[in-house]
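You will see two complexes here that share chain A, one where it goes with chain B and one where it goes with chain C.
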Partner chain A sequence: MASASDLGSTDDYEALMSMTDVELLKSAWRQEKAAPEILQFESRLIKRVREQIQLMEETVEEFTESGFDPLTVSLYQMDLDRTQFLLRSYLRIRLQKIEKYMFHIFATAELLTRLSKEEKWFIERCCVDLQTHLEKSVLSQLPYTYQSIFQQSVINDETDMVAKPQLDTFVVCKTKYYLGHIQLEDNADGEPDGSSPYDSGSQKPLEEPFEMEPNVLYFVRYKAVKKFVEEGKIDLY
Partner chain B sequence: MMYGTKAIQLVKEIANGEKGQLTPFSSDVFSEVIAECSQHFADLRSLIRKMQEAGLDVETTKDEDHYGQLIHHLSLVRNKRCLMAYMYNRAEILRNLVWNVGSDIPEEIQEKLSHSEKEYFKKHSEALKSYMSRVVLELAVDMVPPKDPYIKVRVLDDMGEVELPSDNTANFARHSMHFLKRTDAEKYISLGKMEELTG
Partner chain C sequence: MAGQSDPNVSIFSGEEVEFMAEDEMVEIVPNMRMEPLNMLCGDFGPFYPQMATQVPMWLAIALKKRGKCTIRPPEWMSVENLTQILEAERESQAAFQVLPFHYVEISSLLFDYASGDIPDLYMVRSLINDIRDARFLKVESSLESFEDARSSAVKVKNLSAMEVNVVRPFVGRALQSFYKHGSPDLVPNPEAMSARRPQATDNIQRLDSGR
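Take a look at the complex of A and B:
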């Protein structure tokens, strides 16, 4: 999450401070759910949430033992369940992204640093297991110049067989700030997607830079706002 | 026979299959495609040899043998992509299975897997389990957002006396109805041993 220094004003800082950890977790969960790629693991937040969950569990247990009003207890329990769900779902979404794009994440230093210690351990196991499986059942039986798991053959020198997340997918997002100069379309790095021959006109950079007003909902390509998402300036929905 | 027609069968099997459902591993077609790859490679090499014997520069000569090689190379690469897509997508279904039914897969699914797939399934579910024990959190429960902490369920399969994660024990006789903590019941529901009673 954003640290105090890069927030626009003290209002924002106070707004952030008044958010409970559960609310922060909910926001992190939503971001992770909406973003096509894996985001930075919120290690400090998760640590705090887990401590709070433990505390809540103890409280519920205490209440149950001391014969508290069952309704009150069940309200506490419900709150606890919801937090537990958010935590589990957050970790689960991340694991599922890791499973899906394991080779890509593992080979990209920037993405690998976003993982928690346990996730790093997990992705390593995932890659070894899947690679072993594919080598055993397919690659080892192919002619030797065609045995790479990442390239189609030795002639192709790029890793053209690795599944990557689609960063030009659309996301719904909103910001608390005024953000200008957003480059909506760029063919500079030439993502060759199949649609280009038909709408090559709209692929050109727009004349007017795109701007985002605070608190307005936008529907844009993830790639265009990726930087702001990582900086915590844009919330995905 | 046209090159690549076998390999496309594998891809079609994945594409036409019901989402998330495994079809029996097509070992016959699979090994036929593998054999086709070896044949392409042999043909490719014999064309290179032929050019070398005729004293031609393999890199620059653009004669019919050069294009013959190209066809064999491209067919081989295409076959490889199909084989890999087949295995890769099946592996993905297997991983989702770990999430949905856990590490014990029913006999009827076991039968559909190749030897290596069975091994992969086992290894991957171990990896996932090991991750969960590292973070000290069971992640295969709480798959849907909770509405009510307690739900009403009916037992579909006789399970007898069962110890629940919340330290209680319950007698799950067939057709009996219970009012349980949702987290306790979830596992049995996903295994099809219980159903949630709604309304």
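Take a look at the complex of A and C:
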């Protein structure tokens, strides 16, 4: 057995190893569904699941042809359907997010690296096509200052026509370990309207650091736990 | 940007929550013999008549539908336990009792497909309904205390999957508004609001309709 010092990580490793790929996919699906922004594509996991699905499809086909017990075959088919549902749903949520935030993702290198090869190809085509379409149909008819698809007008520097995921959203999450002293790094990603209109009168109370007990559900602002979600320390529900 | 909260993303449908609950393990007693099943989601069986074994809920229901097994209701679904929980649930205004994360879905699946396997069915069913109602009432009343949450985390101990899912849209947006408007006891200056706010919202609306 492992020594006390690295017991924690060995436990993690064993817990991870005892999970089937389908369970991992389910968790990835849940995370992707609950997170406001696009997460890292689980390329290795998806590859494994695809292979397993294909293998199972062949097995089920063999069973059907050889007149195997129909009950067993139908159970295998159900198992297959459930896994395929997860996979499809996972890919679809990602496509939904990509379509919604395409210009934002396309312009942000960090987000772009989270996409799979196919998704990158898709977003590229999407951006180009939409831009060409809008330019041809509307924008080219407008005065010069209003021709950008990113800005309402060139006077304004902000890319205020680009839809961005709202990282302020509250998400429901749970942690496996105790996480103490969680605090937002101030304006790490540049709040669009950081200066609130109420600033003049009194100041917004400074966000207090908070802690998270293991296995307790919390409503938390996504931004505050973003990095833990990325590290896999927090599960979204 | 208010307009961007799309109801389709970051929300689970009732069916999806049930889908997740269907992976919870449950004990069945088969009445037939079947080879072990080596499935994508795990290995189950072998199955022998009268030998109890653990399978996921969906598999149990599939077998039950074909009359191949009986399902043993989980221990927490006993009348004694549920009576206790209901009492405790009614006694304390703040705390939620410990119940399985998917208790709503599991019990409703069992009522739908395996009602014959549940002892004291009517009692159990009405107890669970009462517990559910009591808890939802408590969730609603505890929402009032959310507003003094200064930090960006609100603990919802022992809330179950379905309960979370039901309150998520409302609580999420409410908390976000609290956050946006700073401390709740702060009375916003209406003039400053009308001077700057409309422009911002106007932009957002135009952005939405443009999408």
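We adopt the following convention: the second predicted complex is superposed on the first by the 204 of 237 C-alpha atoms of A that agree within 3 Å, B and C clash if a C-alpha of one lies under 4 Å from a C-alpha of the other, contacts with A are read in each partner's own complex, and residues count from 1 in each chain.
Following the convention adopted for this analysis, a contact is a pair of C-beta atoms (placed from the backbone, for glycine too) under 8 Å apart; a residue touches a chain by one contact, two chains touch by 3 or more.
Just so you know, these numbers come straight off a predicted model, no measurement behind them.
In the superposition on chain A, A:W121 contacts chain B only, with no contact to chain C.
Shared-chain residue A:V22: touches chain C; no touch with chain B. Applying the stated contact rule after C-alpha superposition, one finds that A:E58 touches neither chain B nor chain C. Legend: residue contacts after superposition of the two complexes on their common chain; A:L130 is shown touching chain B, with no touch to chain C.
In the superposed model, A:F219 makes contact with chain C only, not with chain B.
Residue contacts after overlaying the shared chain place A:M78 against chain B and chain C alike. Using the contact criterion defined above for the overlaid structures, shared-chain residue A:E231 touches neither chain B nor chain C, since it reaches no partner. In the superposition on chain A, A:Q141 makes contact with chain B only, while chain C stays out of contact range.
Taking chain A as the reference chain, the count of touched residues is higher for C when chain B and chain C are set side by side.
Comparing which residues of chain A touch chain B with which touch chain C, the overlap comprises 74, 78, 82, 85, 96, 100, 152, 161, 163.
Interface residues of chain B, counted against chain A in their complex, comprise 34, 37-38, 41, 73, 76-77, 80-81, 83-84, 87-88, 91-92, 95, 99, 114, 116-117, 119-120, 123-124, 127-128, 130-131, 134-135, 137, 139, 141-142, 145-146, 148-150, 182-183. Touching chain A in their complex are the following residues of chain C: 1, 4-6, 8-12, 16, 19-20, 23, 34-35, 37, 39-42, 58-59, 62-63, 66, 68, 150-159, 161, 164, 168, 171-172, 175-176, 179-183, 186, 188-189, 192-193, 195-197, 200, 203, 206-207, 210-211. The residues of chain A lying in touch with chain C in their complex are 20-23, 26, 30, 33-36, 52-53, 56, 69, 71-72, 74-76, 78-80, 82-83, 85, 93, 96-97, 100, 152, 160-161, 163-166, 168-172, 182, 184, 192-193, 196-198, 200-202, 204-205, 207-210, 212-213, 216-221, 224, 237.
Residues of chain A touching chain B in their complex: 74, 77-78, 81-82, 84-85, 87-89, 91-92, 95-96, 99-100, 118-119, 121-122, 125-126, 129-130, 132-134, 136-138, 141-143, 146, 152-153, 155, 161, 163.
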